[in-house]
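Next up: the structures, one after another.
Here come two complexes built around subunit A, the first alongside subunit B, the second alongside subunit C.
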Partner chain A sequence: MAMLKPKTPEPRALDLAETRISAMTLPEGGWAEPARREALERVRKTGLPISRDEYWKYTKPDTLTAVEAPAASVFDGKEPPVFDQFDRLKIVFVDGVFDAEQSDDLSLEGIEIERLAESQADIHWAKEVYGRLEARGQSLVQRPLAALNTAFATDGVLIRVTGKPSKPVSLFYVHEVETSDAMLHHVVKVEEGAEVTVLEAGPAAARFNQCMEVEVADRATFRHIRAQGRDHERRAATHLFGRLGEESTFKSFTLTANGVLTRNEAVLELTGDNAVAHVAGACMGDGDFHHDDTVFVTHDAVNCESRQVFKKVLRNGAVGVFQGKILVEPGAQKTDGYQISQSLLLDGDSVFEAKPELEIYADDVACSHGSTSGAIDDEALFYLRSRGIPEAEAQNYLTLAFLAEAVQEIDDADLQEAIVERISQWLFRRMAT
Partner chain B sequence: MTALDQTEAKEGVDQETVDKVRNLGGKYKYGWETEIEMDYAPKGLSADIVRLISEKNEEPQWMTDWRLAAYERWLQKSEPDWAMVEYPQIDFQNQYYYARPKSMDVKPKSLDEVDPKLLETYAKLGIPLKEQMILAGVEGADEAPAEGRTGGGEERRVAVDAVFDSVSVGTTFQKELEKAGVIFCSISEAIKNHPELVQKYLGSVVPVSDNYYATLNSAVFSDGSFVYIPPGVRCPMELSTYFRINAENTGQFERTLIIADKGSYVSYLEGCTAPQRDTAQLHAAVVEIIAEEDAEVKYSTVQNWFPGDEDGKGGIYNFVTKRADCRGDRSKVMWTQVETGSAVTWKYPSCILRGNESQGEFYSIAITNNHQQADTGTKMIHLGKNTRSRIVSKGISAGQAQNTYRGLVSMHPKAKNSRNYTQCDSLLIGDKCGAHTVPYIEVKNNSSRVEHEATTSKVDDDQMFYCRQRGLDEEEAVALIVNGFAKEVLQALPMEFAMEAQQLVAISLEGSVG
Partner chain C sequence: MLDIKNLHVKLEDEDKQILKGVDLTVEAGKVHAIMGPNGSGKSTLSYVLSGREGYEVTDGSATLLGEDILELEPEERAAAGMFLAFQYPVEIPGVGNMTFLRSAVNAQRKARGEEEMSSSEFLKVIREKAKDLKIDQDMLKRPVNVGFSGGEKKRNEILQMAMLEPKLCILDETDSGLDVDAMKLVSDGVNALRSPDRGFLVITHYQRLLDHIVPDVVHIMSDGRIVKTGGPELAREVEANGYAEFKETA
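For the complex of A and B:
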């Protein structure tokens, strides 16, 4: 229904795709091969992103599309990884390569976990999801980097949730080699009535292209909490595709601190009645930092709820981008859609660019979006200072308060606490400078 | 329209306005066409046609060259495709680019000599007789006593420039305006009589190669209005341009240039209609406004081009570039638009806030019904310090129509302490229409505050029930609720326009419920 017209690709975009494709080898065999070949065709047809593309207006895609990943030095923050204190099933990838040594045993009650690289059978449950959700997500806005991932990613995890596992699955990404270029493709299928929490953390690689396809069946729940790594020079393009069944719940939160370039795409489709989808993000950028949240929520069922909450704190010339959309298909009545994108600019050099869109084809809906940008409220600052709190500290408290609405999207109190802890560390570490 | 039949003229509203508004009832009121012998340029577009238009308007060489340069640029440009509108490919060679009533060739001595068809047209449009004389170009008409349009005992006059297909057919109250130093004439006259002003300002806000349609307009614009308000002058009356497309297969390309010099003020109204036809017609206008130091310009539009019939046949393709340059410090431009007509609308009246403390405002009601499509909004470009902008957009979508708000708010690094507030509300009537919001927000300094809010909802059941319970029928109730929804914008319109607009809102939504 949506009216975005398919664009004839620019020759430059096609050339970029061919150059990139010729530098890689398409993995062969197994159940994923047909999906890979189709994805390759998609990339060939659309080309790779260029700055002239409507959805790459505010973020330069060149370093993400180039054959070689620009080098990124490894950051040694000497702080424990964010989810370390939690009981979890840990799966470790070092520069995109599975590390059996550091990973836990993949067996857990109520859940089946397998690695994409090891899954060579011809028949597999993941066949119904792999590349499928990604392909659906291309219909309105092209996401060639995701298709490229479907075609060429050799590893990732395939998670099928049948019950309510006792602990979260944690994907931990380590960056060791300065020029590493990683591509991972995860598939999660939460069966009817099942529940899972997936944690992601770590910088992953100098350049990271990640895809996660999540199929949430009727009455199932998927929770996702991510803390993107602190390496200053890393680059990442992540894609989260979700399809929601009846009365299902999907909740995702991402914390991003540092990183020279981050593009987080979330493409959610509410296809069952009474489904709930929340996507939230908090990001803190200092200096050479470019962060882009591109979120696309499609309502295609009755009485669904969606929330997009994105907050960005920027200083020293950092750039924050938000491109969000709520699309309500004809017949998706009683939709409740909410979207907020806000930036707090801590100095005069930082930039916030937003494109909060609504596209609505049903009448009995309540959709709203808001977007604001500005500096710290002088009055609030004065209030705190008049009560004896030093300026820099007061500023940090106000910044934390600003980010709260996004952080509160995390249901689990302990995980929420861990994220808040991370944010305060970041803020107070910079207070001295 | 039963509700209005019982309406008595309220204080401040003259009976004529009420009658006029009452007459608006029913179907598209301006759907008639006047059979007048027309003088056409050959169909199609080429450098020769551009030269011919220039020649017909007796333009100096610099103007011809300007047009030809624009035509060359146009050939290299491609049609924009980013708007959320769909329409069949336009055949730019299957259009007339110049048409004017033949009776314009010789100036008539009295109204008796005027082509009665032309007079009929004016009468149907509700233009008073005295103004009709002037518009018809009757010699000495200016000396005849002006009847004006009185309202509430106080004389309220509006100077009108009427553009019929390609040419301006006459401007009223010119003498009186001259006394105040105001220049209000057709742009073709301005090119002849005030070349220094035209040369200085034309294309300075909307450059020749700004966009596809603006470039086309620069090459082939046939006429339009020109306004110059000298320093410190408050224009003694409201100025108004009336656009009418009459001939078939004729594109209308008018060009409006408004210059408000230091400390001046002007309120400008624009209205437009076209006959009912089942083939689509092209309208690509350019409006440029220059506001110097402390100047204020209020530009109000009631756009009521033929929207096409219930099945989406015919109607006007309205591709318009409107831009104001708030050049001077403390200058102010206010755009108010009521968009009810046109099959396809592509229009973004914008403000470049260059002067420090300059202000831009945009109030819009866009109503789409049946198969209409509108992609409209504004751009507020903050360049100067302490600049302010305010956007209030109300989109109403019914039938199978698509209504999009598209806007840009840009705060440049040097636009310190600036402020923007944007509110976009959409109302959906029926489950087959669409309402969309596509705002672009670019903030490059932290002392500025930008706020954007948008909501989408349907006509509230409780409100409907309340109205119905008090005896209003469904359509009246919807009209009342929609008028309430759009109140903030309606209030920004000049009085007479507001009345007409309110009624238009009701008419545009006819057949949208039940």
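For the complex of A and C:
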């Protein structure tokens, strides 16, 4: 294991944590309580993020750590939710609280789903996962907002996949109250050989702190497709923790449009040989928008493949951040690691900050990373215009073209099309206004 | 149809004159070929006519069917009937070939105040035209030019030409990167589009394309000017003797 000296926390970070903690109540009782108390200790020890932290250099954490969530007006995009046309098991949360009325019946063959808030039984499979993956994810980089979530999240779902359910599980987040501050914690365990697709969409809350811990057992498959936006004033800090067993597959894709602040962290650990982990994101930011993808992939087994594909289209002063790391542990031979982060800057006001990192302790590996920032390709723009397509429309097509590599990370053709369709709607709607 | 008079063009960013007084008229129904050595200004002429950025017209004029095209945006020139088949067609990932073509056809129709083509009509027409060019369904659905071979890209250019039904077609080094079979297929596609109300300007370095697309008039371009004009026999003369003699006269 690579060694990193724990940093002495800044007094200000510790004060922030104490202030925040004192304003919340730790849920008591049930199987999760020990994990919550451990998480609370983690937050107390590290403090909450401050701008001086290395991993918060490009993204201001203050609105995410403050006691009060900054208000966000409820956004009506006047468009149907992106996964509405799919047959799916829908689970709805309103401002971070499960809504039984709007949700489907939670029973489905091959899968067990229960509410975190209701699962009080003492012996529980989720004990092995809840707070565990999050805690592992803290070992090299501190993620206090995730530990805070483990400690205080009152709602979320526990999903145990034992077979191959006939339809995806769809988590839909409704935002109704302008000052809502939601914390959700989901746990997914995909048992050996099982397969599941989890969809996520919806504005969630004025401020949204979310954790999803995903244990993918040997030969199991987890697919995740998420659509965030285009609710302009939302602030979100999300954490996706994944641990992969032998010959397992983990594929996550996130589409983000707008939102004043979004920080999506993915922390993946390949612990079984021949595992495959892909994490991808396509984001479109216009104006007062800050979007941060922070990814950490650890290879700790032989012959594993990981891919990180992140694309951001930015205009009118929008800011995009990518911090991505591939860590190859000693002995993780035959690792195939790929990482690309690119931005398309549609004007001179927008900014893209990228920090790609490789840390390799094995000698037989193939790892590559690349990061670029560019404008619309003049040659391609001329090609489209020379066919009669007006400039604004041509620019939209080239934006789609730019995002394609990330979108193509979605395996399912119908879901991929739904995402492309949504991006097109956003692009062409903008043109009409 | 196309009237170019005394056209002088320089690079926008540099003080480099590329076209030094081109005079050329392409009549409807005729195929004109422009041959010339590398760097003579052939491709620049095609770019300037179709509206690519980076060039500055310092003197002269170019009109298409009487309309001054040099002031128009590239998409406006397209709607006016100009089409350039690219030497290196651009790959556009994530955008289906059919989606792209349909929006091009309809954008032009809209610009001309015509009714847009319906989905079903478009499908019917494109299937027919694709068949002639041996372009299969898969190629129509794939992203524009992505993963296409050199020959497929050029056939795709001709398919676009067939769908857009331009008045004036400029082919820029369409033969580059083509094997004999692909050249035949592309040439057949072009020949099928020859009609009394359409003009062609075929730009090529080599004579071999002109065996398949037989021109009515051949021009030799050297150092930014047209230095000689003749019939198809001029192309064969170049093939035999090279461009050296024209360079001297230029």
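Just so it is clear, the second predicted complex is superposed on the first by the 429 of 433 C-alpha atoms of A that agree within 3 Å, B and C clash if a C-alpha of one lies under 4 Å from a C-alpha of the other, contacts with A are read in each partner's own complex, and residues count from 1 in each chain.
Going forward, contacts are C-beta pairs under 8 Å (C-beta built on N, C-alpha and C of every residue); 3 or more make two chains touch, one makes a residue touch a chain.
Quick caveat, the model's predicted, so the values are computed rather than measured.
If you count the residues of subunit A touched by subunit B and by subunit C, you find the higher number for B. When the shared chain is aligned, subunit C comes close enough to touch A:Glu393, but subunit B does not. Judged by the touch definition given at the top, the superposed model places A:Ala401 against subunit C, while subunit B stays out of reach. In the superposed model, A:Leu345 lies in contact with subunit B only, and not with subunit C.
Once chain A of one complex is fitted onto chain A of the other, the partner contacts of A:Val420 are limited to subunit C, with no touch recorded for subunit B. In the superposition on chain A, A:Thr256 makes contact with neither subunit B nor subunit C.
By the touch criterion defined above, A:Arg385 reaches subunit C but does not reach subunit B. Against subunit C, in their complex, subunit A makes its touches with residues 377-380, 382-391, 393-394, 397-398, 400-405, 407-408, 420. By the touch rule above, subunit C contacts subunit A in their complex via residues 50-53, 73-75, 77-79, 82-84, 86, 89-90, 92-95, 100-101, 103-105, 107-108, 111, 143, 160, 164. Put simply, subunit A touches subunit B in their complex at residues 3-5, 7, 54, 330-331, 333, 343, 345-375. Subunit B contributes residues 81-82, 84, 86, 402, 411, 413, 416, 426, 428-458 to its touches with subunit A in the complex.
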